[in-house]
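You will see two complexes here that share chain A, one where it goes with chain B and one where it goes with chain C.
Our next item is the complex of A and B:
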């Protein structure tokens, strides 16, 4: 088995005041392992320690205890940072730079040579759909457009590990769908994704594994399908079945197995319906 | 580093900092000459213009870029952009060095514009080498005096009970301001460094005589310096510039003299006095005003580089308003401390609270002496030749060593404090 991309063992973080007195215990012993190609969702209510954990993984905060290894190295190691892309919760772009300059700036910080940076910038601008506004200052962008620029900046160095903090925050449903599709594509290409989100539906859609944090501890962790599938129940979908036929089938099953049987009509996800409606309106 | 330089440069350019500074420079050159009034002489007018106009531009540039530097890292941290930068494979040193380079580039553009506008006015006097008497340091004479005072039986108990370092400090101050009295018919000889006699023409003595009781006492004397001499007939109670003429008909090529002496013979009827360490200078021609402006501007740039590094260091550790406040207080204190020391000499009966003020001022002067040594505006205004050696020293201390030390600290802090909030 290959080495985990992120390995967190016994991670703790206690915030202290100026006099070193403990103020808050944000993380109280977390163990996590993220494998290559995973789309790992870090979930939890506000104050559960998600952001603190992400900051420690990024090397922005030093842990009070425990260890974090990125690609087998400490998070502050330059080699580890070279393989990392990060999209923060808010885009935090320099308002006076254009979209192109912003992506080029982060390409430069990631030590990409000029030619590669130029090509990669053009490719990413096309990928996030901002080619037409590439030379406009991002200060005038909508939240969604700024989010796309930030995402492109996170991807500019072709990272092996992508850390996304609320990646769909501020995006419209089509943008959200595109980002989720992008995450799935990246995962297929072998990119490991660690993401946090308050939008559980989005997380469920894209994450192959999830960990739920509560009060600084891991409350649940595992493969999304394993955690959410209720194997003791069964659900059938029969296409083209009328209401009275469905009711008769339910009665038959109930009589046969001696258990209550419920049925409903499947609905299209709103995201899909929205995209279809907008697509149709645009012709 | 290129990326952080480019980012800061674009911020300064698109934030209209450079435009505003260039506009202020142009306005200073347009309007300040109309506001200030000189003493009516050409040299006074030149000196005043140079002190006020390029001096104001330099001062505004120092304060403005210091304030910008104080905001750069702090603002990046507070807006979380610093965190986005340091998670990339980039060193914290590069994160702070880039903005410094951008600030220095802005300063260079404004200083070049300022120098261009100043030189374009024309009519400036050439620069001159300034030599002061080659006397032993006042500390030597002061120590000797202290030994004599302590050995004397007439010394009071109050003096004996005063700590020796304090007595020495008082005596050094007095020795630096000591007056030589030249009686009628008497002469004063002051040794000068050999280079002072190296000029073949245009030697000038800048001197300031005092008389003991009568401010209007007439002055009459003869002055000689190697083969040059002049008669002194006037005393305006201010600095006189006395051009020396060649006393030998054949040639006034520079004589080979190890320690040339300036000799003044008092042929008048009154005693005259002067402070050898403060009141006498020999001036010899150096080079053009333009070249001196270039060197002075280089010194200004070095000082600004240090100030920007200091601002970036504060910015890495403190919030933007606190950093700006701290920087401006530090700048003011550094500028004021030498004036406090020169205006308030130490005396035996100085109250304790005043002595604390003097100690603090001395501490500030000591701590900042290396980086605050260049005085480009003063040198430019007085026509003093700015030595390339001094420019080199300013470059080494103000633009390389001190900024690197400050930026190393700033980088260390940035690495630890990249995240604005917990």
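Our next item is the complex of A and C:
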């Protein structure tokens, strides 16, 4: 088995005030392992330690205890950080730079040569749908457009590990769907993704593994399918079955197995319905 | 090197893109061009007030512009999160600090060039005697060609920047600063076509030495901004600059009296090259010291 991309053991973080008195214990002993190719979701309510954990993984905050290995190296190792892309919770961008300049700026920070940076910038602007506004200052962008620029900036160095803090925050439903599709595509291409989100439906849609944090501890962790599937129950979908036929079938199953049988009609996810409605209206 | 350049370029652009920068450029240049034309203040030595006004503009406006830019570039970026986004890349913290402050210093060099151009034009104009009215009215303002070239050129640069912003969507403040800098030597050359007056190039090294003193404060402001709030840095730096006039701690900050070499030019004198060189070296060492301090502070700082 290959080495984990991120390995966290006994991670703790205590924030202190000016006099070094402890103010808040944000992370209280987290153990996590993110394998190559995982789309790993960190979930939890506000103040559960998600962003603090991510910032320690990025080397921006120093842990109070425990260890983090990023590609087998400490998080501050330049070689490790050269292999990751990061999308912060808020799209921290320089307002005076255009979308194109912003992506090139991050290309420069990743030491891409000028020709590669130019080609990669054009490719990413097309990928996030911002070609038409590439030369406008990002200070005038909507939150969703700024999010797309920040996402493009995170991808500019072709990272092996992508760390996304609330990636769909500020995006409209179509933008959200596009980002989720992008995450799935990247995962298919072998990119490992670690993401946080408050939107549980988004996480469920794209994450292969999840960890739920609460008060700085891991409350649950595992494969999404394993955690969410109730293997003791079963659901059948039969196409073209009328209401009375379905009721009769449920009664028959209930009689045969001596257990209550419920049935319902499948519904289209709102996100899909919204995209179809907007698509139809746009012609 | 690419990382350094990307960070320095963005810091320089950021410094020039602030509306305050264009305003400080404009005020400083107009002050250098306009103040010496008041006949009352000629002191019987044409050019003296132009020289002193140029040096003062660099020290006061340049210091305000560059230290504000350094505090913004380091402090605000650390607070707003743009620094976190950059430092999550393979960017060493020392490189981040040095590149950011270097970028601000690049913008400051532009300011220095603009003031130098304006000062030379002003001194040349004064030497040509075109400003003085010599008609007994001490406060009369003579609209000579030098004044027209300096003030007109500066205002024209502002107008061109506005037109560029309107038609080509270029950045107004950056364009205004760049054009105001470019127009000063052009105005000087046009004046020299009218009258071949000697240009006092010897002033430039002395102005450069003063700029190095300002660079020390800029690097110091950047280092303070790593761990203090911008308002605290501004207050602290004001105290430090005032202290540097009266009781300088030469190991950590420049003695402004030592870097203020314009008095050597009074009465046709000149600054000694040995003085210039030793003062410049001391200043460069102090800049390097504050680069090291800032880098060390940033290496230890947590970035929330």
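Note that in this section the second predicted complex is superposed on the first by the 283 of 283 C-alpha atoms of A that agree within 3 Å, B and C clash if a C-alpha of one lies under 4 Å from a C-alpha of the other, contacts with A are read in each partner's own complex, and residues count from 1 in each chain.
In this section, contacts are C-beta pairs under 8 Å (C-beta built on N, C-alpha and C of every residue); 3 or more make two chains touch, one makes a residue touch a chain.
Being a predicted model, the structure only gives us computed values, none of them experimental.
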Superposed partners chain B and chain C on chain A - clash or fit: clash
Touching partner for A:97 - first (chain B), second (chain C), both, neither: both
Which of chain B and chain C A:261 touches, first, second, both or neither: neither
A:84 touches, of chain B and chain C: first, second, both or neither? both
Which of chain B and chain C A:111 touches, first, second, both or neither: both
Chain B and chain C contact sites that coincide on chain A, given as residue numbers: 55, 58-62, 78-79, 81-82, 84, 86, 88, 90, 92-94, 96-97, 105-106, 108-111, 157
Chain B-touching residues of chain A, taken from the complex the two chains share: 15, 24, 26, 52, 55, 58-62, 76, 78-79, 81-82, 84, 86, 88, 90, 92-94, 96-97, 101, 105-106, 108-111, 157
Chain A-facing residues of chain B, complex: 2-3, 6-7, 10-11, 14-15, 79-81, 83-91, 415-416, 418-419, 422
Complex contacts: residues of chain C adjacent to chain A: 2-3, 5-7, 10, 13-14, 17, 80-82, 84-92, 169, 171, 174, 302-304
For the chain A and chain C complex, residues of the former touching the latter: 55, 58-62, 78-79, 81-82, 84, 86, 88, 90, 92-94, 96-97, 104-113, 135-137, 150, 153, 157, 163
